Structures are given as C-alpha cells and as structure tokens.
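So, here's a batch of structures to check.
Here come two complexes built around chain A, the first alongside chain B, the second alongside chain C.
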Partner chain A sequence: MFYRLSGVYHTDYVSDSRIYGVPADRNMAAFCLIIGLAAPFIIPSLYLNSYMLPWLIWTAAALGLNLVTGWAGQLHLGYAAVMAVGAYSAIHAVRFGVPWEIALIIGGLAAAVIGSLFAFAALRVKGLYLALTTLAMQFIMDWVLTHSAAISGGSHASLQAPTLALLGQQITSDTGYYYVAFGWCLLVTIFMLNLKRTGLGRALVAVREKDYAAAILGVNSFYYKILAFATSSFIAGVSGALLVATFFFLAAPEQFSVNVSIQVLAMVIVGGLSSIIGSYFGVALILLVPGLVNSAVASISQGLGVQIGVETLAHIPNAIYGALIVIILLIEPLGLGKLYGNVRDYLMVWPFDQIRK
Partner chain B sequence: MELVFLAELAVNGAMTGLLYSLFAIGLVLIYKASSVPNLAQGALTMLGAYVVLAFADGLGMPLWVAIPLAAIVMFGLGFGIERVALRRLAGRPVIMILMMTLGLDIFLRGTTMAIWGATSASMELGVSYEPLFLGDLFISRIHLVGSIVTLVLFGAFMLFFRTRAGIKLKAIADDYTASWSVGISVERGVGLSWALASVVAVAAGVIWGEIQGVDQSLSLLLLKGLAVAVLGGLDSILGAVVAGIILGIIENVGANFLDPLVGGGSRDLIVAAVLILTVMIRPHGLFGRHDIERV
Partner chain C sequence: MKRLNKLLFALAAAGAMLSGTSSMAEPFKVGVCYDLSKAYTFASPQISQAAMDLAKLINMKGGIGGEPVEVIVRDHGNEPQRGIECYSRLSREGVFVFDTLSTPVSLAILPRAMQDQRILMQSLVGRGDAVDGTVFEWVYPVGPTYWGQAANDIAYIKQVHNGDLSDVKIGFIYFDYPFGQEPIEILKTLAEKEGFELLLYPVQLPGTDQASAWSKVRRDNPDHMISWMLSGGHVVASKEMQRNRIPMDKYISVNWLNEVDIGNIGAEAATGLKRGTNVVGGQDVPLRLEMIRELYDKGEGSGPLKNTEDVFYNTGLAMYSIIFEAARKAAELEGLPITAQSYKAGLESLKDYDADGMMAPITVTAEDHGGGGKTRIEMWDGETWVPQTDWMAAYSDVVWDVVKESSSKYAQ
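Let's look at the complex of A and B:
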C-alpha cells in the first residue's frame, strides 16, 4: 500500500540491475536530495554546522570504509591514519600554493598510495590477523604524525587549514561549507550506489565471499584487494581533507588517532556491512546520539535537582557509545541497514500478506 | 656500551615483558577456548584494578582481602559478559565479534571512568621502591614481584589444564564440534575461559596499577598484550610467557638505542613493528597452531 506494490518481481535483467528496485525508493531518494539541498534554508545554521555537516562528511568516509570492509571483506582498523594522510597532504599542498581542487585530489592520491601499503598486509593474511596488522600500522602512523615536525608541526601542535576556495570562490559561510560537504557526500553515494552494478563491485563481492574461490573463477583477488584499498583510501583522503577544511579548520594528530579508526569502523558495522543507507544511519547514531543523550541526562538531572559530577558527565557519552555498539550487534548483527530493510520489506507487501494468512 | 648496562637493560626488559605476558595470558585463554580476540582485555584490566581499589579504599578492607574479593567479582563479570554479549554472536564473521569486543571495551572504559573519575589513584601494594642490587645489576622490586606472579599464574594454569575442567577446555580449544558431540558443555567452557581471563585481568591490573597508577592508561596495555599474544601464538600460554620475555628484551634494548635517534617514544613503534613482522612472517606465532584453510 505504501509502496503501491505487492512485492518486487523482476522479469528481466535490466530491471534487476536498476539502482532503485522500487519507484517509491527513487521518490524517497529524490525527496531526501531536495531536503538536503534546501537544508541551509530550513535548518538553523548552528545545527547545520555542528550536526548536518559532520554527519555528511563522516558518512562519505564511512562509505569509503564500507567499500573495503563491507564489499571487499577486508578488515581495516587503520582508516583514520589514511584520512590523516589525505588531510595533511592536501593542507601542505594548499600552503605550497596549489589550488584547493587539485590539492584535494593530491590528498586523495597520497592517501591511496599509503592506503595501498595496508593492502600488502591483506595479500598475506586475512580476518583477525589483518585487523591486528592494520591496527599496528595505525599506531605507527600515529607515531610518525606526532614525531615528525615537518608534517604535523610536532606532538602538541596543530596545523591551520588555509581558507577553502573552490572554482575561484572563497568559501567562508556556513552555507558554503555545508554545500561542499553535501556535494562530496552525494558524489561518494552515487559512486557506491553504482558500484554493485559494475564488474568491479561484483569482483569485490566475489573476493569477499571466498578469495580462493574467486581466484578459481578468474578474478585476480590480489589485484582487486589492492584496488579496493586504494579506492577506499582515496575517499578517506578527500574526506579527511574536507573534514579539516570545513569543520575542524585545524589539523592535529589526535583527530586521526586509533580511537577515530575504531569509531569509523563502528559506524560502518552499526550501520550494516555493504549497506549504503545503513552507513547514513550508523554515522548518525554513533556521531550524534551520545551527545544528545548526554545533554538529556544533564538537563534531567538538573530538573530533578540531582547533582552529577563533571567527570561523570564527561564520560557518559563514551559509555553510551560503547553500549550502542553492543546493543545494535545483539539486536541485529547486520546493522541498522538490515533493520530498515526489514521494515521496508514488511511495508512493501502490507496489507497483501495479511490477506494470505 | 658496557656489557653490564646491556645486561641490566635485558633483565629489566625481560621482567617488564613478563608483565606483558601476565596481560596476554588473559587474551590467550579466551582465544584458545573460543577463537575470540578479546580486545576488551585492556578495559577488563583497568576495571579489575578499580574494583580492587573500590574494596580497599571504598570499604576500607586490607588489600589481601580486597584482591580475592575483586577476583570473585570479576570472575562473575567475565561469565556474564560471555553469556550476554558473546554467546549470541557465536558463528558470526570475525569482524562482528571483533566489533563486539571493541564496543565492550569502549563501554567498560566509559562506565568505569563515569563511576570512578579519571584522576589517577595509587594501588599501595606495599612493595618498596628501594633498588635491589643483584651483583652489579639494578632491579626494580615491583617488576620482580610481578614476574613472580606471572610465573606462578603460568604454573597454576599448567596444573589447571591437567584437571578435569582444564582438559575440557583443551578439548574445546581443539575442536568445538567434536567436544559438543561427546557431551562437553562448550558454552560453559567458553564462559569459564572468560571468567578466568577476567581473574587474570585483576592480577594484571593490580601489578600494573602499582607500577603506573590506576587510571585509563591501563587499557593501553592492549597493543603490547596483543603483540605478545600474537608473537607467542594466539592459543599458547607458554608462547605468551616466552614471547613476553622476548618482546620485553627487544623493546627495552631497542628503545635504548632508538630513542636518542628519533627523539623518544620509540617503544610503541618497536611493539607495532614486532606485531606486523610476526603477522607477515609467521602468523601463527612461535608456539601457535597452524590452521590450514580449505575452500
């Protein structure tokens, strides 16, 4: 009734490979697009800049990690390190006098080169051992960042990002930052939506399911693993650079520490592996909910007159963030994307499934 | 470079390494029984130390009462964590299990900090800080005590694996399904391994809490513990002890040479490098079981 369908019944391959299997999905995507475009005029700029903008950029980053973890099935615990490479290369390029458009691509390419180093670990081991190796690489990268004054300015220094300018326009307004983030997130989303329709996407899925079996089918699993790492690292690099250019305005090693790697992985897994809409949900949940709950707790305790210590309040978001991961994994290990899919599938055939019973 | 100085570095490194082993034994116990890499072991260690302090300072008990009580509490907590969080994920891809332990790690750390605050507390174990001279070698007393605790625990586990419960755990570690079919309660065995790992975490928390103070930095032992566990082979307790000594010596001697070159802080670098090299060259570690993968 809601989807005006009684189920999805493909009769040819063309309809099966459409991005939107159901017209209602396409309509909803168009609706979200319009909301996204109109957001600066609807949403107060405080919320736009402190909630919407980080949400969109982190979603782009999470989609990049989803490419390598969800599609290609390679565990990656060093994603923040790759983002750092992109951010620092782009900023240094701009300070050197390169225009921002090219600097962003330089950042992405530099991240892709370094990110491919992670892939060499993936050629040798997989699963748990790959996760541990990438984790160790993240620690090495942290160390390099904090100890090389040439890159980051030293352990407690931060690097000022030059003013963002695209297509000859200086971007300084909140609306401008928002549209940059929105555009990048849209670009990555369109890329990911189309990925499953391409040979690349199918090869990645084959490698994920069983790399030996994929090799027997003629899919060069080494090549596709490296390609997956490089592509996702490119997305990571540009996202990292944009995050610094439009949100932090400063680059510091702590912004790309191991905790951030874990956070992005949590976004991807809570959202659902290889689910695009799930990544949007996962980022929203991990990024926004702990802060919201914390301010709710603070205001409730004030209302009730109960004193909660400053330190306690400072650590409640962390506890909630951990609890969210645990709870989502217990309820639905396939993440929020799967939960959404369940609701959608139920509504799709409602009320016809009621008649049959 | 005098030989005595080098020997002193090596001996102290070996003892620090044994303290890493103390931490790593917890990881190995859980991995052995259920193939779950417990990334929450750092948070458990931290929590163990805080629970001991809660009994000792909060309720005013002497430490020799507080530590066993904390061990009992953590034993139950370990069982509980396995029952509530991990059992439902059995058979899921390793990435979800990994994420679950990471989530537990974040949750336990956040909750501990929210309850007890982030200021560093001291353990007051009563080990003197007087230097101990063994011939010409200078040795830290607390590290010596910690190494002895590690070796005693190692011996205790060796004995434990000869008891009925221990043999069951060995059977579970060897083959999940086969032990199921001969009537071993696999769930209870895995739960027991979590409980024992939590008790080990109390021991590690007490010793490390005495050395560096009880605060959030206790959970940072995770990387070193992982490196030790992987180097020794993730499913070998003997491996954890031997690898701890090796890593400790490499780290202490290596850092002494590298620190002046790179401007300090090379310890983490060495540990990460050892971890990567181990995985690249010999993923199953020194004493671990080499699994063959079939398509």
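Let's look at the complex of A and C:
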C-alpha cells in the first residue's frame, strides 16, 4: 500500500543494478534531498547550527569509516587521528596562502597518505591486531599534536582556522556553513550509494567475507584493503577539515582524541555496518541524543517542579542514553539501519503478504 | 461607544501591565555550561553549587538594581560539540555571560563569543593568553593564568631562599598534555634569569602511574617540586613521595587541589603540602559563613553542606562574586537592562575587588582581563590552610612577554 508494490520483480540486469530498487525509495530520497535543501528556511537557526550541521559532517565522516569497517571489514580505532591529519594540514595550507578549495583536497590527500601509510604496516596483521595497530596510530597522533607547537598552534594547543571561502565567496553565515556541510555529505552519500554497484564495492565485500577466498577469485585483497583505507582516509581528512572550518572554527587535540575515535566507531556500529541510511541514524543517536535528552530531562524536571541536584540531572541523561544503545542493539544487533530495513520490508507489500498468510 | 472605550482602556491597561511586568521580571542570566558528568567533576559540582547559592543570596537581598539574577546550569560532558550547543541555545534565550569551566569547551566557544560579542568568563581554564584584552576583547579569564601562577611559585621559593636561587634545584612534575606543559616555557625563562636548575618530570595521563618519575626525583633530589596535576594525580604523587622518602613540604601544587585530595592523602600525612591559590582556603571566610547562616541553616542550600567545606566552593564563590559584582557595576554605570556592552564596562571598572576577603584583590582593565593575576602560597598544617605569603603577582613583565607573544599568534 505504502510502496504500491506487490513484490520486487526485476526483469533485467539494468533494473537490478539500479541505486533504488523500489520507486518509493527513490521518492523518499528525493524528499529528503528537498528537505535538506530547504532546511535553512524551515528549521530554526539553533537546530540548523548546532544539530543539523554537525550531524551532516559527522555522517560524512562515519560513512568514510563505514567504507573501511563495514564494507572492507577492517576494524579501525584511529579514525579521529586521520581526521586530525586532514584538519591540521588543510588549516596550515590555508594559513600558508592556499585557497580553501585546494586546501581541502590537500587535507584529504595528506590524510589519505598518512592513513594508508599506516595501513601498509598495519595490514600485515588482521582482526584484533589490526585494531590495536590503528589504536597505536591514534596515540601517536595525540602525542604529536600535544608536543609540537608548530603543528598544534601554541597556547593550549589550539589553531585558529581562517574564514572559509569557496569559489571566491567568503562564507560566514549559518546558512552558508550548512550548505557546505550539506554538499559534502551529499557528495559522500552519492559516492557510497554507487560504491556497492561497482567492481570495487564487490571486491571490498569479497575481501570482508574471506580475504583468501577473495584471493582465489583473483581479487588482490592487500591492494583493495589499502585502497579502502586510502579512500576512507580521504573522506575523513576532508570531513575533519570541514568540521573545523564550519563548526569549531579552531582545531584542538581534544576534538580528535581517542574517545572521538571510539565515538565514530560507535556511530557506525549502532547505525549498522555497511548501511548508508544506518550511518545517518547512528550519528544522530550518538551525537545528538545526549544533548536532546539533556534538555528534555532539564525541562521535564523544571515543568514538574522537582528539585533535583544539577549533578544528578547531568547523570540521568547519560543513563538514558546508555540504556538506549543497549536496547537498540538487543532488539537489532545489526543496528538502526537494519531496524529501518525491517520496517521497510514489512510494509513493502503490506497488506498483500497478510493475505498470503 | 462608552462601553467600547472602557474595554479599550482596560485592554490597554492590561497590555501596559503585562509589558511592564515582563521587563521587570527579566533577570540577569549567566549561562553556566559545565561538565557535570565527565572529566571536571572533581570541581564542577562545588563551583556550580556556589554559583546557585550566590544567586539565591543576591535575590534574597533584592537582586541587582531590583532585578533578580539567575544562573542556568547545563551539562556539556566536556564535549566541545555539546558546549557549542549549550552556548547557542542559551544565547538565543538572551544570555550574554557564559562560563564553561572546561578548557576544550572554552576553546570551542571562544571564536563564537568573539564573533557574537558575548562575554566569555573563563577563570582558571582555557587559553591563558586571553588575559590580553587588546586581542581577546570579549574573553575574561579573571584570576591567575598558569604562567602567572608558576611565576608566583618561583617568587615564593626565592623568598624561602632569601632572594638567591643560584644553587637551587627546582623540579617540575606535570601531566604531559597542554594543561601541564603550559608553565614550562616561563619556568625555563625564569631559570635563565634567576640561575636555578630546572628539572622536568612528565607524567603520562591519567597520572595513576608516577613510579618512574618519582624515583628519578629521588635521584636528582631537587629542593622543591612544583606540581601541575589534577585531583587523583596529587594522591598518587603523595604515595610515591612517601615511598621515596621525599618530605611533603617540598610539594607545591597548582590551584587544583582540594579537601577531597587532602582526605585521600590523609590529613596528617599531607602536613606541609603547599598550594598556589587565588582564593582563601578554609571555612572561616565571611561570604561562606554568610551562606551557611542565610541558606544552609534554613535548609535552603543548593546542594549538600559537605560540598561547601571545600576550597573549590570558595573558588566558585569568588568566580561568581566577580560575575555579579560586574553586573552591579554595569547597572550603576549604564543602568538597566544590562547589555553585553554595559556588562563589559562593568567588568572593566572592577578595582581592588576582593569579594569581602574571599580572594586576591583584582583590578580588571581593558588591557588586562586577568585582573592582575595575584596568587599566594598556602600550606596545609594538618587541619587547615595557612597562608605563607601575601597576595603577589611576580615577574609580571616576563609573564606578559609570554602572553603577548602567544596572543599575537591569535591576532594573525
């Protein structure tokens, strides 16, 4: 009824390999795109600026991590460090006089180089050992940032980002920042949507499922792992640079510390490995829910006139938030993306499947 | 017609009353975006409690210029992203004075506050060079910078050694990240100037393992140990000092050491330990006693009484006395309602203000947003804190050289 389908019946390969197998999905994507474009005009600036914007940038970053963890199956615990490389190299490039467009690409490339250099060393090991090696990269990066004033910018290790300017246009308004974030997130999403239709995407999945089985099929698993690391690092680098350029306005080591790495990984896992829409949901849950629950609890206690100590008040949202993650993963271990998929599959041919039963 | 006129008149009167009451009830708000759940919980409950108590007391006395004051406390969990959200949300509600008590969040809010022309109070946290009011127009780190504190520690040691540091060895033990590294530069400068030997002992976070650092200290045997660590770090340090037979009176801590840490070290064992501070330690402070009398004895305190028996409560009272005193000055100078501009003028007219003997007197000017950066050294005598020096701001020329050098990088 909702999808106006009685089932999905492909009759040729072209229709099977479309991005959207079902017209309703395409319509929904178009609807989201319109909402996204119209957001500055329909969403109050507080929510645009402190919820939508970080949500979109982190989604782009999480999609990058999903590429290496979800698609290629390589656990990565140093993702924030890669974002830091991108952010710092882009800012230094701009301060040196390079225009932002090129600086963003420099940031992405620098991140890709460092990320895949590490992957070269790291990929000699697998699984948990690889995870630990990437964690080592995170710690090395933390150390470098806190010990080199030349990179981190001196006093309390903070580096001011010059004003963002794209295509000769200085960007200073909330709306402008939003569109930059939106554009980047859209770009990454389109890339990821198409990835699963390409040979590269299929090779990555083959490597994830069993790397030597993939090797027997003629897929060079080492090459594809490196490629996955490099691509995801590029996305991380640009996302990191944009995060600083449009949201933080200055880079500090705490913004890219080890708990941020864990957070991005949590976004990907809670959202669902190798699920694109799941990444959107996962980022929303990990990034935005604490703040939302916080203000909800504050206003509820105010509305009820209950006198709760500020400290207790601060810990209740954390408990709710933690419980929320556990409950979601109990209901659906494959994450929010799969949860959405279940609902979608149920409604796909409803109510005709009920008749069949 | 007559009836209609009456109705209109009544409406107009009601409207006038409504608008009148709403402008009268508009309180002076302070946005207290604090970390109440993660890294800063060793101090944030006491300080926020002090802020709320002080607001209550001021409202009991009739507010500022007849208007009530309000502190809005929110948790940001030490995450820059949530701090920015707190700042954006509250600033849309008309708040223009913010305090974060968190270096990462303060750093994250700073560019926005500068852009939006809102006051960012950041006593004891955030970038130290923000005392330079010519560059950081809207940022007020009233209180000492870590550079100033370290310089004052050296000045105290110089007093102990009768003005000659030439054959004195001073050790500096610190958490090996920006907070702990900050004083190193100024200590090196002063070592050159005064001729003492400076020894550095970095400790990895979270500071639970300091064994190697302290056995090195035992070998080097410095005359004094200046410590830039937080809460639990002091406790571990004291254990290591006992193990290595290093007397406690060599230890001079940064201001982040409170009664909880003393309790964990053991009140007896901590005898002789010293601390640099910009507020008066102990419980016999006029303002605190007034709080107990007016609020806690009547059961109206904003939290447990135990939190008030803590130097961080005193710190909170000092920080918020400054914030409200500036508002009072602003109302005096430029009338109500207080705006960001008039509040700024209020802050910059604070002169030798010490909140009734609560803290080092401060004088905020348009150039010096730190208020002079005076501290003193206090010693734990087994029961309470005993001052060892007067309030002082030593080597201010050297400190300001560092400040200017650092702030000029921001101005670029």
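Just so it is clear, the second predicted complex is superposed on the first by the 330 of 357 C-alpha atoms of A that agree within 3 Å, B and C clash if a C-alpha of one lies under 4 Å from a C-alpha of the other, contacts with A are read in each partner's own complex, and residues count from 1 in each chain.
Keep this in mind: a residue touches a chain if its C-beta (ideal position, glycine included) is under 8 Å from a C-beta of that chain, and two chains touch if they have at least 3 such contacts.
Because the structure is predicted, anything quoted here is derived from the model rather than measured.
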item: Touched partner set for A:29, first chain B, second chain C, both or neither; value: neither
item: Which superposed partner A:193 touches (first chain B, second chain C, both, neither); value: neither
item: Residue contacts with chain A in the superposition, chain B compared against chain C; value: B
item: Contacts of A:287 with chain B and chain C, given as first, second, both or neither; value: second
item: Which superposed partner A:158 touches (first chain B, second chain C, both, neither); value: second
item: Contacts of A:127 with chain B and chain C, given as first, second, both or neither; value: first
item: Contacts of A:43 with chain B and chain C, given as first, second, both or neither; value: neither
item: First, second, both or neither for A:309, with chain B first and chain C second; value: both
item: Partner chain(s) touched by A:317 [first = chain B, second = chain C, both, neither]; value: both
item: Chain B versus chain C as contact partner of A:166, first or second or both or neither; value: neither
item: Set of chain A residues, in rising order, touched by both chain B and chain C; value: 146-147, 309, 311, 314-315, 317-318
item: Chain B residues within the chain A interface of the complex; value: 37, 84-85, 88-89, 92, 94-96, 98-100, 102-111, 113-115, 117-119, 223, 226-227, 230, 262-263, 265, 268-269, 271-273, 275-276, 279-280, 283, 293, 295
item: Footprint of chain C on chain A - complex, ascending; value: 45-46, 49-51, 54, 146-147, 153-158, 160, 247-250, 252-255, 287, 290-291, 294-295, 298, 309-311, 313-315, 317-318
item: Partner chain B, residues of chain A touching it in the complex; value: 69, 75, 121, 124-125, 127-129, 131-133, 135-137, 139-140, 143, 146-147, 210, 212-213, 216, 262, 265-266, 269, 273, 309, 311-312, 314-326, 329-330, 333
item: Residue ranges of chain C touching chain A (in the complex, touch as defined); value: 34, 36-37, 41, 45, 48-49, 52, 73-75, 77, 79-82, 84-85, 88-89, 92, 103-104, 107-108, 110-112, 126-129, 176-179, 181-182, 303, 406-407, 409-410, 412
